[in-house]
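Naming follows writing order (A, B, C and D), and every chain is counted from residue 1.
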Amino acid sequence: MTRERMVNAAMLLILIAFPLWAWAADEPFMITLATKAVILALAGVGLNIALGLGGMISLGHAAFFGIGGYAMGVLASHAQNFDPILEGPFLIEGTNSMPIIWLTAIIASGLAALAIGAISIRTTGAYFIMITLAFGQMLFFFAISWPAYGGEDGLSIWVRNEFPGLNTLDPIQFYAIAFTILCAVLILTARLAKSPFGLALNAARQTEIRVETVGISPYKLRLIAFTISGMITGLAGALFADLNRFVSPTMLSWQTSGEIMIFVILGGVARLFGPVVGAVLFILLEHLLGGISDYWHIYLGALLLVIVLFARGGIIGVLAGREAKHG
Amino acid sequence: MTLKSLAIAGAIAALGSAAWAEDVRIGMITTLSGGGAGLGIDVRDGFMLAIEQSGAENVEVIIEDDERAPEVAVRLSDEMIQADDVDIMTGIIWSNLAMAVVPSATAQGVFYISPNAGPSQLAGRGCHPLYFNVAWQNDALHEAAGAYANSAGYGNSFILAPNYPAGQDALTGYKRTYGGDLAGELFTDLGQTDYASEIAQIRASGADSVFFFLPGGMGIAFVKQYADSGVDLPLVGPAFSFDQGILQAVGADALGIVNTSQWNRDIDNATNAAFVESFVAAYDRLPSLYASQGFDAANLILSALESAHPDDEDAFRAALAAAEFDSTRGDFAFGSNQHPVQDIYVRRVIQEGDIFTNEIIGTALEDHGDVYAAECSY
Amino acid sequence: MADPILETHGISKAFGALHASKDISIDLVPGEIHALIGPNGAGKSTLIQQIAGALKPDAGRVILDGEDVTALNTVARAQRGLGRTFQISALAMEDTVLENAMLGAIGASGKPFHFFRRALDQAEARAVAEQALEQVGLTENMATRTFELSHGQRRQLEVAVALTLSPKAFIMDEPMAGLGFEGSKNLTGFLDTLRHTAPILLVEHDMDAVFALADRISVLVYGEVIATGSVEEVRNDPAVRTAYLGEEA
Amino acid sequence: MTFILFAEQVLNGLQLGVMLFLMAAGLTLVFGVMGLINLAHGSLFMVGAFAAAAVAGATGSFLLALAAALAAAAAAGAIVEVVVIRRLYNRDHLDQVLATFALILIFSEGTRFIFGSFPLFLDTPDWLSGPVTLPGGIQYPIYRLALIVVGLVVALGLYLLITRTRLGIQIRAGENDREMIAALGVDISKLYTIVFALGAALAGLAGALVGAIQSVEVGMGEPILILAFVVIVIGGIGSIRGALVGAILVGLTDTLGGLLLPSFFRTFMEASAASAVGSGLASMSIYILMAVVLMLRPTGLFGAKA
């Protein structure tokens, strides 16, 4: 077992043991915190496919996170008010069933990623960063000024949505749902990285012209990767909205994009568990530093600087050394 | 676990009543950092001033910073309800944060006393027995501005607000009471800082007055640019852009502007005089609208605690609804939807020495409630 | 002579005032090595890029196996059977040797969009990749990461990746560059047999290799082909002697 | 719509454009010469505004305030360059984005720590207050006219600096070939510090100039930073000329979009709905402009081919 695998296994163990402890000790808020970490990790895992495997520095992933959140908000608010979304040619009702909401979130954010990616991936380098940022801002302003779904105020859902056979309002059960999804996506991501597609995508990041000369279109590879990446981040957005029972344009802001990117970097780019370790650490910092000072963002900023400047490869890089990255 | 100011002082025995023996925990989530932190700081300071003055020993206040982010507010409220087991919550400044926190807090059986935000959803169909607003329903000051415009004889107003729900509500509120024509109606970007384009349109519109709702830095920018533009139509707005905290940054450009408020430091009653004096003594600055709201919110809670503990939901609710406390505003009562019924005043910005402040020049609306009360049924 | 696999018809390309390609028509027939030589700046790279699809000619056509591919990009030309190696290795340095070869095999299979099967478990593609590595003598190094390879081994891997495509024609840009005497000799021997798999358009500075391998030589000077013919014909061409060999000597 | 309104809006667009240019010039220079994406450029804008407000408050002099803004932003820029930024030149864009994002957090909270949470006061000087009547009967604030003039003068100054001076030659050489200027014996790390401080000073100047008609508060730099990014992407990253053209294009799109779109929707919609939809679209218009430009030219209007 490589050291990276040991770090990963330890992380998984913590993610199982900590909530169980909190459950036994009757600390529901600790479970809520863990749930938040797991969901943000999922968003980071999504981004990591574009960022780590595909080398696409997207500063606009908040768009997909927010679309996922709004998929939940729109469907659930219509269900809550017994007010169909569309009566027109055929009836579309709102729903409070999590699986349907997830599916909608995945499809909606996937379509958005496909459209944004189709334009953005024509550009490279700094232009790509900026154009993804700009698309994110476009959606952000749209959400703010679109009155039908709360605009700046956002949408509040009184109760959490339902999952067949589970009581989602019980923190540990909702945690179980989020954790299961994270594990499933991690397995899929690991397989994706090893697949023919992953191999080609990874090669396109290193040497675009080689991939072209073996008859594979890097544009197509990246567009698909960007879309998958957006879908996963969108799913995370739906879960995040359900955790908070609330969705607002803040989820679409560029600071959110920056934060998702921070999870990935804190943990380690292109490492399977990088975003997981990063998100857990971020939540921990937010919780602990927030208690020390009103000005905790200064410390967060300083820590981030140190990691970027001196600990390349993130926390996992530090723990596991610079051995096998994509293996 | 995060920033916790614990305030425990004095003995309840002094008040001669011990209807409750257990401790009461109040969770305050408010904005203490980033843009708009000044408002939260004022609410907190006003609130804590009242708690300290009461000498209440068994009241514990847990204060946390929401960074003006709904997600943070939700996390804090989860923490307060699930981990800290608070009985009462308060403190939120912004409507969008209130919408994120209040419905789920009240659904979990916690009282929420709003010291500032009063979104229409919570006053109407979304009203809740455990939710009280001690400041105003969001529309109130705008409706007062419309009433003032009528009495001032304005017949052709140009109105503008940021393009977000509170902005849209502001224009609706103004139009609800205003009887004249509209020379123009504009939505600006939220957070916009340059209003040259809007001012040009005002200039070209042939209006006789301008109503605007631009809270925080937006208002500062607008007023300064407006003064510089040479357009000299009278401005009317709600108090938010002309309150104590912000007025010094606007400066002389704000002099003479008329704004509407349910409070001012020159309201003539003993409670208010004592509040202003003790606030200045404690914090070395003049209190703002928000400080008075925080002060009133704390006194409302304290007055209800005298007769019941929040664990006895019905009794505590009845005690709150009675509103038997001395408000800095003078007369104060709750309407059927547990929102204030109160006078709204017309103020004008003046200069006293180096300090810019307001004086009351009239009353826009008396015993004013809100239109959403009719939609509220428990 | 058999029908040519690869032809250019009157290719021209100008960058501003600089005419990098002037009305170039060359071809490549089955079983041959056609060497393209010329001094630095003669326009060899520009020509190769136009044939491979990285640059669009201002005028003229590129024909691959009877099909006009002028309007197609690099990807489409690769899919139609153009195998290319680069002067400066274009390999995925973080990946293993086998993974690089697999990339070619996967590209050739036309099925790169499989998401959940392990790439290395794709039996058919793996066989192709392993065979190509064996052909160039890298079987021992399959699990090595590419950045650990020697310069010569990287050149071999370049050729192996091109081999996995089973191309109809090879374009090789200075495959001998940086190889020692021994390395050049080995590669020369290998290319000598490779020409029967598919013809090779060879750009090379190593004149010993060119004279040993080439069936035909085209000489490019200032963007123009000044001579095409067998080794002997080109050696004796007066224009070549003055314009090219004269300068080099 | 009257001619006067339209003309005034064009002036407003121009004024927004030249201020964006002051921000964008520094960003694009730093990218062109050092290859660095600096998200913290907006923080330098804020530093300039706060320095100006502090000095204006203490001395009452607007000119001293401007000088203080230039000096403070240049100093902050030079310090940040030496301590942090120079470690990022050889890193990929990802590290640069993150490290400078971290700098934003530090600058914003640090400023709040020093100056508190309330907005500061900074006003236009008396001698530039009030409106002036332009030919055609257009009433326009003198201060905004002055901003246009200052912006254009700075643009001209930058042009002269880059085309006529030794420093300019080194900057241009740096854009083309970094090894080359090192080989020519130019002290490259000093050059980088100077370029970064120059960009910072321009941002600080913009902060002070704009701060006088807006509010000086923490977080004021981020909205304009994003606009400045849009500007340099439209203009082509690294191109000063592109920054100028992009800035004016964005300025005009923003102001005229805010004017024309709502009135366009008013022709077939109810007034307040038209206003809401129109201004919603107007706030998206510059991003749409950017997307269109990049679709047609993936490296911007004046960008080098990738």
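A few notes on this one:
By our rule, contacts are C-beta pairs under 8 Å (C-beta built on N, C-alpha and C of every residue); 3 or more make two chains touch, one makes a residue touch a chain.
Source: prediction; values computed, not measured.
Shared contact partners of subunit A and subunit C: not a single chain qualifies.
With every chain reduced to the mean of its CA atoms, the largest distance from subunit C is reached by B. More contacting C-beta pairs link the chains of B-D than the other of the two pairs A-B and B-D.
As a whole-number value, the distance joining the C-alpha centres of subunit B and subunit D reads 35 Å. Averaged C-alpha coordinates give centres for subunit B and subunit C that are 75 Å from one another.
If you average the CA atoms of subunit A and of subunit D, the two centres end up 32 Å from each other.
Residue positions 108-109, 112, 276, 279-280, 283 of subunit D are each in touch with at least two other chains.
In subunit C, no position touches at least two other chains. For subunit A, the set of residues that touch two or more other chains comprises 141, 145, 147, 295, 297.
Chain pairs recorded as touching, per the definition above, are A-B, A-C, A-D, B-D. The part of subunit A that touches subunit C in the complex is made up of residues 188, 191-192, 194-200, 202-203, 206-207, 209-217, 220-221, 224, 325-326. Interface of subunit A with subunit B (complex): residues 27-30, 32-33, 36, 141, 144-145, 147, 150-154, 156, 158-159, 171, 240, 244-246, 248, 250-251, 287, 290-291, 294-295, 297. Against subunit A, the residues of subunit D that register as touching in their complex are 31, 37, 84, 87-88, 93-95, 97-99, 101-106, 108-110, 112-113, 226, 229-230, 232-233, 237, 276, 279-280, 283-284, 287-288, 290-291, 294-295, 298-300, 303, 306. Residue ranges on subunit B touching subunit D, taken from their complex, read 32-35, 37-38, 41, 163, 168, 171, 182, 185-189, 191, 193-194, 196-198, 200-201, 203-204, 216-218, 220-221, 224-225, 228-230, 245-246, 248-253. Against subunit D, the residues of subunit A that register as touching in their complex are 51, 57, 59, 119, 122-127, 129-131, 133-135, 137-138, 141-142, 145-147, 254, 258, 261-262, 265, 269, 295, 297-298, 300-302, 304-305, 308-309, 312.
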